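I've put the structures underneath this note.
Next, two complexes with chain A in common: one pairs it with chain B, the other with chain C.
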Partner chain A sequence: MNPVRVALAVARKDLRSEWRTREMVPALAQFIVLALLIGNFGFQIDGHNAPTIAPGILWLALVFAGLVAFGRTFAAEREQASLEAMLMTPASPVAIFAGKALAASLLLVICEAVLLPALTIFFGTELNGDLIFAVLLATIGMAALGVMFAALVARVRARELLLPLLTLPLWIPFVVAGGQAVQSAMGLPGNYQEAIGLLIDFDILFVVLTSLAARFVLDE
Partner chain B sequence: MLVAGAAIFFYAPTDFLQGPVQRIFYLHVSSAIAAYGCFAVVLVGGLIYLRNESAIADRFARAGALVGVVFTTVTLVMGMLWAKPIWGTFWTWDARLTSTLVLWIIYAGYLLVRRLAEPGRQAARLAAVVGIFGFIDVPIVHFSVTWWRTQHPGPIIVNDALPAQMLATFLFTMACTLVLAAVMVWIRYRIETLTDERLHVAEPVQMATSREPEPAQ
Partner chain C sequence: MSLVVGNGLTHWFGRELALEGVDLVIDTGEHMAVLGENGAGKTTLLRILATMLKPTSGQLQIAGLDAFKERRRLRHYLGYAAHATGLYPALTAVENLEFFCDLQEASRTRVDESLDVVGLASVAKRRAGELSRGMQQRLALARAILHEPRLLILDEPDASLGDDAADLLTRLMRDRTVVMATHDHALANRLCQRTLVLRHGRSHGTASRLRVVK
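Take a look at the complex of A and B:
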C-alpha cells in the first residue's frame, strides 16, 4: 500500500467526520475568543499596551487551543476502537500517524484562521504574510509532537492530565522561536530571519523524530 | 549491597563538602553533570527498551529519571541560593535557567507518566518516548550559554579558567557526585526490580484469594 495514499485517506476520514459532526471547529473557535477575552481582563488591555501584549496572547491561545484539539484527536478512535482496526490493515503505522497528524494540523490551521483576524480586530495588530508564515511553520512541529503524545496517552487512564504535561515542555522551542518571529512580524523588536531559521530547524528535528517514533507509538 | 550503598550515600556528601569557601560552585556544576548523566541513562534505557523490550533497560531508565530529577533539583536550588547574593535575585528568565527548568519539568513529567500509567508495556513505551524526546533539552541546556547571551557564566572548566587547586577540588567533587549518582541509580534499580517482582507475585495471589470463597456458596 502506498503510504502517502494511506495518510491522505486517514486525514480525509478525520476531516470528513469533523465536517459531519461539526464538533471541534466551533468549540475551538469559541475557546479562542474566550482566551482573548481572558487575556483582555488579565492584562488590563488598553489601546496603548495592546500591540506589545498581542503576541503573548496569540501563543497562549494557540497553545491551549492546540492542547484541546490534540486531546480529542484519538477520542473517536478510542470510543469505537477503530484504531485497532486501522492497525490491523496492512497500512504502515507511520502512514496512519501521518494522516492523523495532517488532519490535526489542519484543525489547528483553522484555529489560526480564527485567531489571527480576531487579534487584528480586538488588539489592532498588523496581519501580514510574515506573521502567517511564522505561525504556520510553528504549527507543523507542534502538530507532529501533539499528535504523537496524544497517541501515546490515548490508552492511559489519566490522559487529560498527562497530555499537557508532556506536550507543553516540548512545545516551548516553538513558542520561543515563534514568539520572536511573531513579535518582529508585528513590528516589535526581534530578528525575523533568525527566528524563522530556528523554526525550520525545530520543524525538521521534530518531524523526523516523531516519524521515527511513530512506529512504536501506534504499534501494539 | 544496600548497606554499602547507604554507606557511600552518607559518606560521599560529607567528603565533598570539605572544599574551600566557594562551595556551591562545586556541587552546583557537579550535580548538573550528574543529572546529564542520569538523563543519558534514561535515553539509552529508552532506546534499548524500544528495540528489544528489555525490562532491565526500562528499570534503569526509571532509576535514571528519578535520580536525574533529584540532581536537577539540587542544581536549581543551589543555583538559586548562589544567585541571590551574587545577582541579587533568586531567578532571572535567562536561557540556561529557563532551559534547566524545562528539563526539570520534562523529567518530572516522565516520573508522573510512570505513576499515572498502569505499569506494563504501554507505560514503559510511553515513558521511553518521553525520555528520548526529553533528552533533546540536555544539549540545549548545555550550549545555552554559548548560543545565547546569558547572565549565567559560560563553561570555565574546559577553558582553563580555574586555578589548579580549585580544579582539583572540582574534579574530585565531580567524581564523588558521579559515583554518588551511579550508586543512587543502582539502589533505585534494585528497588524497581523488587517492585516489579512484587507486582508479578501479587497478581496471582490476589486471584487465588478472590477465588477461594466460591466453593463455600
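Take a look at the complex of A and C:
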C-alpha cells in the first residue's frame, strides 16, 4: 500500500470537509486578528519598539491558533466514529497520521496568510521572505507534535485541557528559535541562520519521533 | 474449510469481564448470527473478530493467519460495519466511498457497484450528513463491501434499515462469510445458518437454524 497516496487522500478529505463546513479557518482568522488588535491596544506601539513586541504577539497568536487547529484534527474523527473506520483499513497508521498533520498544517498556513499581513498592518513591521520562511519552518514541527498529542488526547474527556498541557512545553523550542529568527528578520540583532538551523533540527527531530510514535498512538 | 477459528476468547475492560472463554469456528461461506441481550458481549466479540480489539486472552485465526500478528495484512480480507456509521457528513456518498477506496487500495469502479447493492445510486451525490439514518446505515454497509472482503462483520446492521432490511442484507451477504450481531431472532434465522448466543459474555452454545434457545 502506497503511504503517500494514503496520506494525500486523508489530507484531501480533511481539507475538503473544512472547505464545505468552514468550521475552523474563519474562526481562527478572526481569533488571530483579535489577538493582534488586543496586542496593538495593550502595548504603546511606536516605530522603535514594534519589532521587539511584534514577534511575541505573533507567536502567542500562532501558538493558540495552532492548539485549536490541531486539537480538532482527531476530535472530529472520534465524535463521528470515523477514525475506527479509517483504522480498519490496511492503511498504515503513520500514513494516516501524516495526512492529518499535512491537512492541519495547511489550515494553519492559511491562518498565517492572514496573520503575517495583519501583523504588518497593526505593528508596521516589515513582511519579508525570511520572516515567512521562519514561520513556515516552525509550523512543520509544531504540526507534527500538535497532531500527535491531539490523537493521544482525543479519546479522553478533558482533551481541551490536556492538549495545551502536553503540547505547549514541547513547542517552546520552536517559539524560542522561531522568535529569534523572526526578530532577526525584522531587523533586530540576532543570528538568523543559526535560528533557522535550529528550527530545521527541531523539525527533523520531532517529525521522526512523532512518526515513530504514531502507530502506537493510533492503534487500539 | 474453516475461515475463522477462535479459542478461549476472553476480554476484560478494566475489572469488568466482557467476554469469557468464547470458542467459535466459522466455515467459509457460512453466515453466523450472534445473539444476546444488551451488554452480552456481542460488540466486543465482533470487534475482536474485526481485529480492532486484542482479546485479553485466547487465540484467533482468520484464513489460517494469526489475527493479531498479521492484522494489517488481514484487513484486506475483512469488512466491518460498526453500530456507528463513521461517515464524513460534509462529503457526498460517492466521496465517502472514494476516500475508503484509496485507503483499501480498491478500484474506484467499486463505488458505483457498492452503491447499487445497497440501493443508494440515486443519492450518490448527496452529502452523507443530509441522508436519513437508514441511508447512512446503507452507506456504511456499502463501505464495508468496497474491497470485496472474504469475511464480513456486521454489528446490528438491521438497526435502521427499515422493511427491506432482510432483502438488502441477503444481497450483501451473498457469496461471503458473515458474522452478524442482531437482536432480531427472526432475521437471524432467515439469513444465517447458525447462531451463537451470548449471555454476560459467555457463550451459551451455537445452534443451527430454527433451534435458537431463548
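The definition used in the following text is that the second predicted complex is superposed on the first by the 216 of 220 C-alpha atoms of A that agree within 3 Å, B and C clash if a C-alpha of one lies under 4 Å from a C-alpha of the other, contacts with A are read in each partner's own complex, and residues count from 1 in each chain.
Rule of thumb we're sticking to: contacts are C-beta pairs under 8 Å (C-beta built on N, C-alpha and C of every residue); 3 or more make two chains touch, one makes a residue touch a chain.
Quantities reported herein were computed from a predicted structural model and do not represent experimental measurements.
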Partner chain in contact with A:L87 - chain B first, chain C second, else both or neither: second
Partner chain(s) touched by A:S17 [first = chain B, second = chain C, both, neither]: second
First, second, both or neither for A:L209, with chain B first and chain C second: first
Shared chain A surface residues [contacts with chain B and with chain C]: none
Touching residues on chain A, where the partner in the complex is chain C: 1, 5-6, 9-10, 13, 16-17, 20-21, 80-92, 220
Residue ranges of chain C in contact with chain A within the complex: 50, 52-54, 72-73, 75-76, 78, 80, 82, 84-91, 95, 99-100, 102-105, 127, 140, 143
Complex interface listing, chain B residues touching chain A: 50, 102, 105-106, 109, 112-113, 116-118, 122-123, 125-126, 128-130, 132-134, 136-137, 140
Partner chain B, residues of chain A touching it in the complex: 145, 148, 152-153, 155-158, 161-162, 165-166, 169-170, 172-173, 205, 209, 213, 216-217
